[in-house]
Structures are given as structure tokens and as C-alpha cells.
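Please see the structure below; I have some questions.
Read from first to last, the chains carry the letters A, B and C; within each, the first residue is number 1.
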Amino acid sequence: MTGLEQLLGRAEELYRDLRFTAVSEWKKRNGGLAIGFMPVYVPRELLHAMGVLPVGVMGAGDDLEIIRGDAYYQSYICHLPRSTIELGLNGALDSLDGMLFPATCDVIRNLSGMWKMQFPEKYSHYLDVPQDFDANVGGQFYRRELEEIAEELHRRGARKLEPAALRKSIAAYNENRALVEGLYSLRIEEPWRVPTHELYLLLRAGNVLPVEEHTVMLRDYRAAVLADEDRRSMDQARVLLAGSFCEQPPLGLLRTLERAGCYIVDDDFVQVHRWITGDVRADGADPLADLVLAYLKQGIASPIRYIDEQVKGQALVERVERSGAEGVIFCAPSFCDPALLDQPMAVAAIERAGIPWTSFKYAENTGQFQVIREQAGTFADSIKLWSE
Amino acid sequence: MKIDYCVGIDLGSTTTKAVVLDGERRILGRGITNSRSNYDVACKVALGEALINARFSLIDGRMEHDGVDAERRRELLTRFELAFREQQYRSQLAALRTSLHQHAERLAMGAATNAALERILGTMEQETGELYRVGASRKSDFFRDLAGSRYVELAEAIARDGGHAFDPLVGLFDKAILETENSTEAVGTFESHARKAMVQAGDPALQRAVTKVLSIELVQRLGVGTGYGRQRLPFPEKLIRSEILCHGLGAHAMFPGTRTVLDIGGQDTKAIQVDANGIVTSFQMNDRCAAGCGRYLGYIADEMNLGLHELGPMAGKSCRTVRINSTCTVFAGAELRERLSLGEKREDILAGLHRAIILRAMSLLARSGGIEDEFTFTGGVARNTEAVKALRLLVKENYGERKLNISPDSIYTGALGASLFAWREVSRQEAEPVEVPA
Amino acid sequence: MSKQATPGNVATAALKDQSQERQKAMIAEHFRKLAEAPERGEKCVYTFVPGNLTELIDSFGLLPVLPEINALQSGMRGKSRDYIGLAEKLGHSEDVCTYVKCDIGMLKSGNVGPTGERLPNPDLLLLSYTGCFTFLKWFELLGQEYNAPVAMLHVPYQGDGVVTDSMRTYVVDQLKKKVIPALERISGRAYDEEALKERLARSAKAEEDLVWVLESAKRRPSPIDAYFGGVYYIGPIFTAFRGTQDAVLYYRELRAEIEGRIALGKGPVTPDGEIENERYRLVVEGPPNWTSFRKFWQMFAEEGAVVVASTYTKVGGVYDNGFRHDPNRPLETLADYCMGCYTNLNLPTRVQMLERYVREYSADGFLINSVKSCNSFSAGQLMILREVERRTGRPGGFIESDLVDPRYFSASNIKNRLESYFQMIEQKRAGGA
């Protein structure tokens, strides 16, 4: 087995491990708190600086049979919260000392309250990130929000939040983010070198590994794929996949798209890694302020953020240009309010820019890809014809 | 002599069931018929069938009283019942013939049509004796199915010979069968069929018993209706109970230890919790989509070209259950074909489908409050061995050991509950006389 | 068993109260003003019911338009099916909120409001982002359609079940730095705190009477239906009229009418007459269905089921916990009002509220109408159901429909469940007696 195969094997093992063994092992070794978080964004730097392991909880994919989770949700609600509840009830999340529910949508928001009732002994908090991006208004609120979280975690046994530690954590995540971004850039340049189903597994590994370990994994992967002579360019259509920022598509869906003739050159997966663009200032006197400022000013455009200043959908058009995508596939989870309500505006912008697009929906446990394969294949073919 | 009875009628989407109870609240008879456009007739036919069934058991009791041994009784009763059914069939066939000719005449279809009809009906009449021979098998107990399938076969044969076009003949049948099954006269009376049948059966002990039972008057005290079509039942509003309550009480009557009831029928799934007296304490039903109901299995059977009853046994051969994530009826066919094209075995896919249905039921059960001991499973799907197997497994995994009750008569659960409500109402009225609607 | 068990008698005479006539006239007048606004040079502010800043808007002489109300009116008038269909044809997903699609469809069909008059275009979209994520997208969509400016007011959620100083400061800061300047810009007027205070004082008066009316349902028989009837009672205070003298008068009159009903020992008025025999007292969670509103109400009234308390009548403000608009702290009170709206409460608080209603209003049970459109309400309702059932020991019922999508109202399915539910209560009573 090559090093690359081993590395990917490890990443897939982490992805498939619905008992979060990596987290319990980390706790055994390090003895700190582990705090879970739902999509899309939490400031992991803050947790890290307090010796807390941030753990991304993104549903259970297509591997878990939902038995009790469905008893909590009507059929018209997305799949992610059912599998999350199921994980909670079957003990898979026992290693977590708490959960953060960032402001993503009403379903995740309400899940925060359900969590409080279902698991009263655990820390559970709705992280209300501001929709006002003024440093003196939303910024102040957000800072107080983060301070309260830090105080509560400290009360529950985490280290006290110290500026020096926070600066170090910011630096650690800056390095990690840069490597993620590097792989995204490499995929844009040479998509055959960085197949999306591999990149995706690496992103998911970052949900459970401590940042330092994940950074090593990213670096090793990059070196390995650059050295891999067997990876060759194929005649595939370059597409940007939009809308999969919360409930994640099953791995089989990504493989299906690739097999159907698509190079995915940009996407919204596991967005916590890419929410902040560029570095957070790591050498400031008040690193918490720098973290807050980065949220306000360096955040990506997303359907879950209120966007006023620019033309809606413009950011997506720019991403298409930057990634050299030849088309956009809107690939949103069924019943995902943020993605689906946003889509008509994004489509309008894409159409104005003359970019071809198609769309379909999925659930994290979608088991049949035939229709998607045909649709994506046709789309890829039509793009290639178009560009000839 | 006279026997008082109460009846419960469950008007379902595919079948209508009736249960008749005597004054001691013992089951006297059960009857079933296919539901049809005229709900009134469906109820009458179901009740008629239940009363026939009741009289059969009275005849049996009479013979026992007269010292006929069990084996002989069984044999005599079988013969008698077949002869009775034959008479019933003949009576309905005669009604069908009249109706067919009337429709042909109304449409001025001419002599060729009349001749074709006579060929078909003549053959069917000739075959009647054979159809009800001891040991012969019949595809269905319902006249519509039995007569319909043979009529179509014969019409096809005529069309092949060039004797008459197929479609007009089937068109006539569709009209005539509606009329026949929506008429209460077509089926004839118990007495006339029984008299002929007892002569046909030709045994003095049986004749004595039948004659005796014919002299018994069965008097209805009260009827209570339930079922999906209950809003249109021919009962006064006060005598209509929700199917949830009837299922709860019926399951309690069958298995007094019941605390949780799961019913998977053709169109809906119900999870019901009852207390020690059979009173419903909470319930959940599937939402507006029929995913995971019996109908889903019907689609799968059609898709695989199998009979509904063949699904369970085939799934039982599986050693490796395929994970099926969607129980959406609309996508069932597509998912099935995709799995087959991926090389999955039919039995493994089927095992997965059965598990998927039960998983849906598990979530309704969890919504309604979980699974308490004892747990009673009713409805058409309860007859499917593979579904029962999947249920046992999931119940054990998620709730631990639970006693699982399944009655071979589970299709009558709702009607039984309704008949008990009827007696309850009678006792209430006797205790506290109030104005009762006619 | 008692003789109570005869069906609730519904008298046939259609009744219309004085207060209802007054409300009708108020609404007609408002829509007339809106229709004439462009001509008269008056400016309009679109905003949402939860967290609406009606007093503030009015203090600038601006007219509010509430797209949710227009959508529900479209539903009641049988227009929503076509509007939703049109929006879906234009690319809006079948999975999302039908209020939004109904509104978009109405806009694309000429923007004719419930009274048949054309609605003015917005001069400002005041995005009071309170208790509902969809609001954010809704006004982004309208922002595109109208090319109108948007003022964002992010109202933090009561995730931990409390309003902290930090949350209050955040809202007040936004009011001062974002919302008020935007209102000043479009109205051309300066912020007038005295004018705001006057309106807030009138709000508090009306709120006092509203709470009295809602709490009258604690009596047996209840003189009101606090859900189907309740949606009429909350009309003025949830919409364009809070803080106006009209609203004060409306609630005074309404209160007097209810006092009259109590004196006569009368039950609630329904469109089909009075409920003379109260058989079931229910607490209801979730919005009603609007496309079959009357049929839906009938299913209750025919059975003698009276809703004695509901959470839907708290979406535009929770007042029965003691909150009143306080003219002495005008911006802080607006902040508290916004943060206190029902859908801004976390699930444990919602459970507590339902539990309290079941007990204080002596309810026989509680019922959830789960609507497909509204995840803010619906996500978690099945857990609420079990939790309230466990805490109160009263039976819970669950039905599903939608706000304004007639495709999601299956009368037979709902009737089936309701009947089963009512009979279950009846049977439990008989069994327990």
C-alpha cells in the first residue's frame, strides 16, 4: 500500500467512523473537553486556544439506519437533524462534552433547544452569529457572544482563554486554512490530481482531527499527489457545485458526478475550513477582536449570511470565473431553506453571466444515483459541445 | 328461537369487514367483501357474509349437540359450504347475465354480442359445479374477481377466434359487474341457498341441523361502523367510531395484554398505545404520503411481476439485506431497477424493502410513545412473514424482548372493536335509557 | 356517563360583532391609504409581523405593508394556488415556504392586495429578522424584484431562554445606527422620540385589553375561541395598527363584547353560529391553514371543540407573560418586544408555555397543527408533543397541513385524525370516570 493510499484509507476510516472513536482517543490522550459543532461555521480557534477539541458533526451520511431520529421530524424536514439526533440517542456522541449550533437555519436553531431537553447534562448552545457586519454593532455583539462561550467552557473545565494561546491557535488555523485553499487551487489548475472524493475525505478528516494533525495530513497529501505520475488529465467538464454547505452529499454522489464526466473545480463542502478567506491576524494585541473582525470582514458569501452591498449572486459568478468552471450544478439538500430560497437569485445571476447550469437535490442518505448520473452526464457533454 | 347480536363494520379502502357478536360478546361470525362504490351495499354484503358465517357455526354447534363427531362435522360442513357458495355464485351469475343483456340491448349491440355473451355465460355456468368441487382451488372468494377473471379469459378466446371484438365485451362486463355487486338481491338469501345446498349435501344429520338453524331468528341490536370510509357509512353519526379506537379495542379483545398496536394496511400505517382496558392513550398515523404502507409492497410486486404473497417468501431467502433508504412509492420502481442493474440479488433487495417498511413503522411507533409489552401487529402486512421477521428484529434491538401477537384474523381487528363498541352502547342504553337514533 | 356526550350544537345564524365591523373598516381604510400612497407621495415600508416596529414606522409618518398578511389573505381568497404555481414555474423550489411563493406570485400577477387595490412598491424593506430564517431570503428576493433598499434588523434568538443585556444592546444599537437612519432617509423626517412614546403608551393600553380577552378563555364555557377566533382578535395589534387610537378603541370594544358574552354565559361565535355546548377544551400549537380556514374551524366547531389557548396568537408578540410596551424606555422596549415574539423563543420555553396553557386553561388536551411551510414552528414539534404530553398527562394530537398551499390540506385526512383525537379524549374521560 502506498503512503497516499494509507492516508486516504485513514481519512475514509475517520469519515465512516460514526462512533467518533478518534475523539474519545484524543480525550484519553489529552484529557480536554471535546465540543461538537453543526454546520456551517464556528470559530474553532477559540476552542483550540482553551484546549478544547472542536468536532464537526455533519450528520451520518448514508451509513446509518435511522430508527428513532425519524420520530422527531416530519417528512418535509431535511435529513441532517434526524441522523444527528439518532447519533445522540445511540451514544455515538457521548464523547462530546457539548454542542454548538451556529445560526444556519430554523431547523438547526430548533435542534439546539431539542438538544437541551434531550441531553440536559451536556453543554448546548445556539451560536447566534451576527447578521450586522459593522464592527461596532454586530462585532460587539459577536465578541460578547464568544466571551460568554469561553466563560462557560472555562466553568466546565476548559483552560481560561488567554490572548497568547489564542494567537497561537489563530496561527495554527491560518496554516491549516492556507493548505486547504492550496489544495483547492491545485484542483483548479490540475483537477485530475485532486479528485473531489479525495479532497472531500480530507475536509471531513479535519472535522475530528486536532488541527495540527490535520495540517500534516493535508501537507502529506499534497506532496503525494504532486509526485504521483499516474494521475493524468482526462476530457472532463469543469463544474462548480453550489448549495451543499450544510447537509453533506453522500460520497457516492461525488463519485457519481466524477464518473459522469465532471471535474468539480469548486464546491461548498465542509465550509468551516473556508469560511474565512485569507489569514486571521495572528499578531494583534487583541486576538479575540481579530477573530471577530475576520468573521465580519473576511467571510465568504453564503446563503446563510445576509448580503446587501453587492448584487446577489455576484460572488458565485466570480467564483465561476476564478475556478475556470464551465458550468454550475446547484446541488442542494432537499428541504434546505437557505440553499433553495437562495437558488432563484443565484440562478438569475448565473444566467445574466451566460453560464450554463443545472440542478438537482439530494439527501445525505440518497441511495440511488441513476437519475443524477444521467443528468450530470448530459450536462457535462453539453458543456463540452458548447465549449468546442 | 332468537339470538341477539351486535355488529361492527370496518369499511376499508380495499375490503369491508363485519364481525357479529352474541349477547355474551362471543364472536358469532365474520364476513368480508371487496369494498365498492356503493358503501351501503358493501356493508350489507359484509354483514350478510358474517351472518352466513354465524349460521355455519350454529349449524356446527347443532351437529355437535346432536352427537356428530368432529371429523364428520368438518367434512359435512365443508360440503355444505361449497354447495352453498355454488348456489350463491349461480345466483350472482344469473344477475350478471340479466345485467349484461340489458346493457347490450341499451347499447344496441346486436345479435353477435348476445351470442358471444351466451357462449361466455354458458361456459361459466357449466363450470360452476367444478369450481366448487371439494378440493378445487379458487383464486378469490369475491365474485367480482372470480367471475371477472374467467369472463375475460373467455372473451379473449372469442376475440382470438374472430367471434367478437374483445374491448366491447369487457366494457359490458365492467358495467354489469358494478350493477351486480351493488345490488343486494343478486347474492340471494341464506335460506334459499341453504335449502338447496343441504339437499345437495344429502346427509340427514346435516339436514336436521340446517333446518333447526334456519328457524333461529338473528336479531340485530345495534351496529357500529368504522374504517377509512366511515364518514360515508350508513350509520347514524353517534354509532360511528374512529378506526384508531376500534383497532385499539379490537386488539385488546384479541390479546388482553396488548399495550401497543401496529397496523399496516393498504393505505395507512397506525401506531396506537392502549391502556389495560383497551382505551387508546395516544396514536400516530403516517403523513399524507403512503410511503411504507401495504400499497408500497403492491407496487414492488407489480414491478417484479410477482404476486403480493410471494414477496415475503422470496425475501426470506436472502442472506444479505440490501440497505434501501427510500420507501417512496413513486421511486420504488426506479430504485429497484437500479439495484438490479448493479447486480444485487432480488431476494436481498426484497429483504431490504421489507426492512425499510418496518423502519418507517418503527418511527411512527416511536412517535406514539414506543413499544410496550405486549405488542400486537395487525393489518394486511402482518401476514407477510418477512415483514414480521424484520419487525421482531428491530423491536428486540431497540426495545428489548416484547411479546409479539399476530392473529390470523387480524384483518377483522377494527370490525371486532366496532362490534364491542356496539355492545357497550347497548349496555349503556339499557343502564341509562336515552333517545336512540333509529 | 354524563349527557354531555351529545354533539356540540352549532346554531345557524351568522353573527358579526361590532368589533369585527370596526376591524374590517380599519383594514379597508389602511389598504385605501396604501393604494393612494404613490399619488399622495406617501412612503411605504414593507416589514414582517414578528418583530414589527409599527410604532416607530408610524412615528415617521410611513405606511407599513405586511407581505405575510397579504399571503394569508391570498390563501383565504383562493388565490394562493395560482400564485404559488407561478412562483414555482419561475424556479422557486416546491420545498420552501409557501408564503414567500404566494407573495412572489402575487407580485408577478400585478400586486393586487386583499381589497382588490394595487399595493404600492416598497420605499424600504425593513427586514426585522425575528424568529424566522426565511424572512432574510424573502426580502433579499423582494430587494431584487423592487430594487428597493433594505434595512436589516437582526433580532438575536433566545437560544438559552433569556434576553441578555448584550442581546438588548445589539438590537438597540441597530435601531439607532441602522433602522432609524434608514427611516429618516426615506421619510425626510428626523426621529421624534416623543411621537414614538405616545404610540407606545397607546400600544400598552390595547395590549392590556387584548390579554384580558385572551385570558377570558380560562372560564367555562370559554366565551372565545382563542385560535380560529383568536386570529381575528390579534389582527390589529399584530399588523398596521399597534400604537394607534383605532387599536385602543377596537380592543376596548372587543373586551366589552366579551364581557357581554360572559354575562350571558355564551360560548364562542363561529362563522356558522355559536358553540352552545363546549365539549372539548384544547390548546393549539402552530399556525392555522388559511386556504380551508373555515372548513378547518368547522371540524372543531361541529364537535364542540373550543380552542382555549394557542401559540400562534403570540407570533406577533407575547403579552400574557406580563410584557407591555413601555414608553419610558422606547428603544429598549421595542428590542424586548422583538426578542419576545413566540418564534424567537427556544424549544424548552415553548414547551413550558404550552404546559402552562394546558394547566391554566384547564384543557382536555393539546393539538399541534404542523405546517409544511414553517420550519421555525414545525422543526421539533414532535418532541414538543411528547414532552407536553409527558408533563401534563393530557393527550396530544398531531395533524399536518400548510399555510397557503391547498395541495397540502387534505380535509379527509385531517378530519380522520381530529375525529380519532376527539373520540380518544371522550373515551379517556368515560374510562376515567
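Going forward, a contact is a pair of C-beta atoms (placed from the backbone, for glycine too) under 8 Å apart; a residue touches a chain by one contact, two chains touch by 3 or more.
What you see is a predicted model, and the numbers here were worked out from it, not measured in a lab.
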Reference chain B; chain at largest CA-centroid distance: A
Dominant interface by contact count, named by its two chains: A-C
Chain whose averaged C-alpha position falls nearest the assembly-wide average: C
Rounded Å distance between chain A and chain C, as computed from the means of their C-alpha atoms: 36
Interchain centroid distance [CA atoms averaged], chain B/chain C, Å: 47
CA centroid of chain A to CA centroid of chain B, Å: 53
In chain A, residues with contacts to at least two other chains: 71, 74
Residues of chain C engaged with two or more neighbouring chains: 382, 400
Multi-partner residues of chain B (at least 2 other chains): 287, 367
In the complex, chain B residues that touch chain C: 228, 231, 237, 241-245, 275, 277, 279-285, 287-288, 367, 369, 428, 432, 434
Residue numbers on chain A that touch chain B, as the complex places them: 62, 65-71, 74-75, 363, 365-371
Complex interface listing, chain B residues touching chain A: 287, 289, 291, 323-326, 331, 334-335, 337-338, 341, 359-360, 362-367, 394, 398
Touching residues (chain side chain A, partner chain C) in the complex: 71-74, 76-77, 81, 101, 103, 105-107, 109-114, 116-118, 125-128, 130-132, 134, 136-138, 140-141, 144-145, 148, 303, 306-308, 312, 334-338, 340-345, 347-348, 361
Chain C - residues contacting chain A, complex: 90-93, 95-97, 100, 127, 129, 132-134, 136-138, 140-141, 143-144, 150, 152, 154, 156-157, 159-160, 164, 166-167, 169-170, 173-174, 177-178, 346-351, 370, 372, 375-376, 378-383, 387, 400
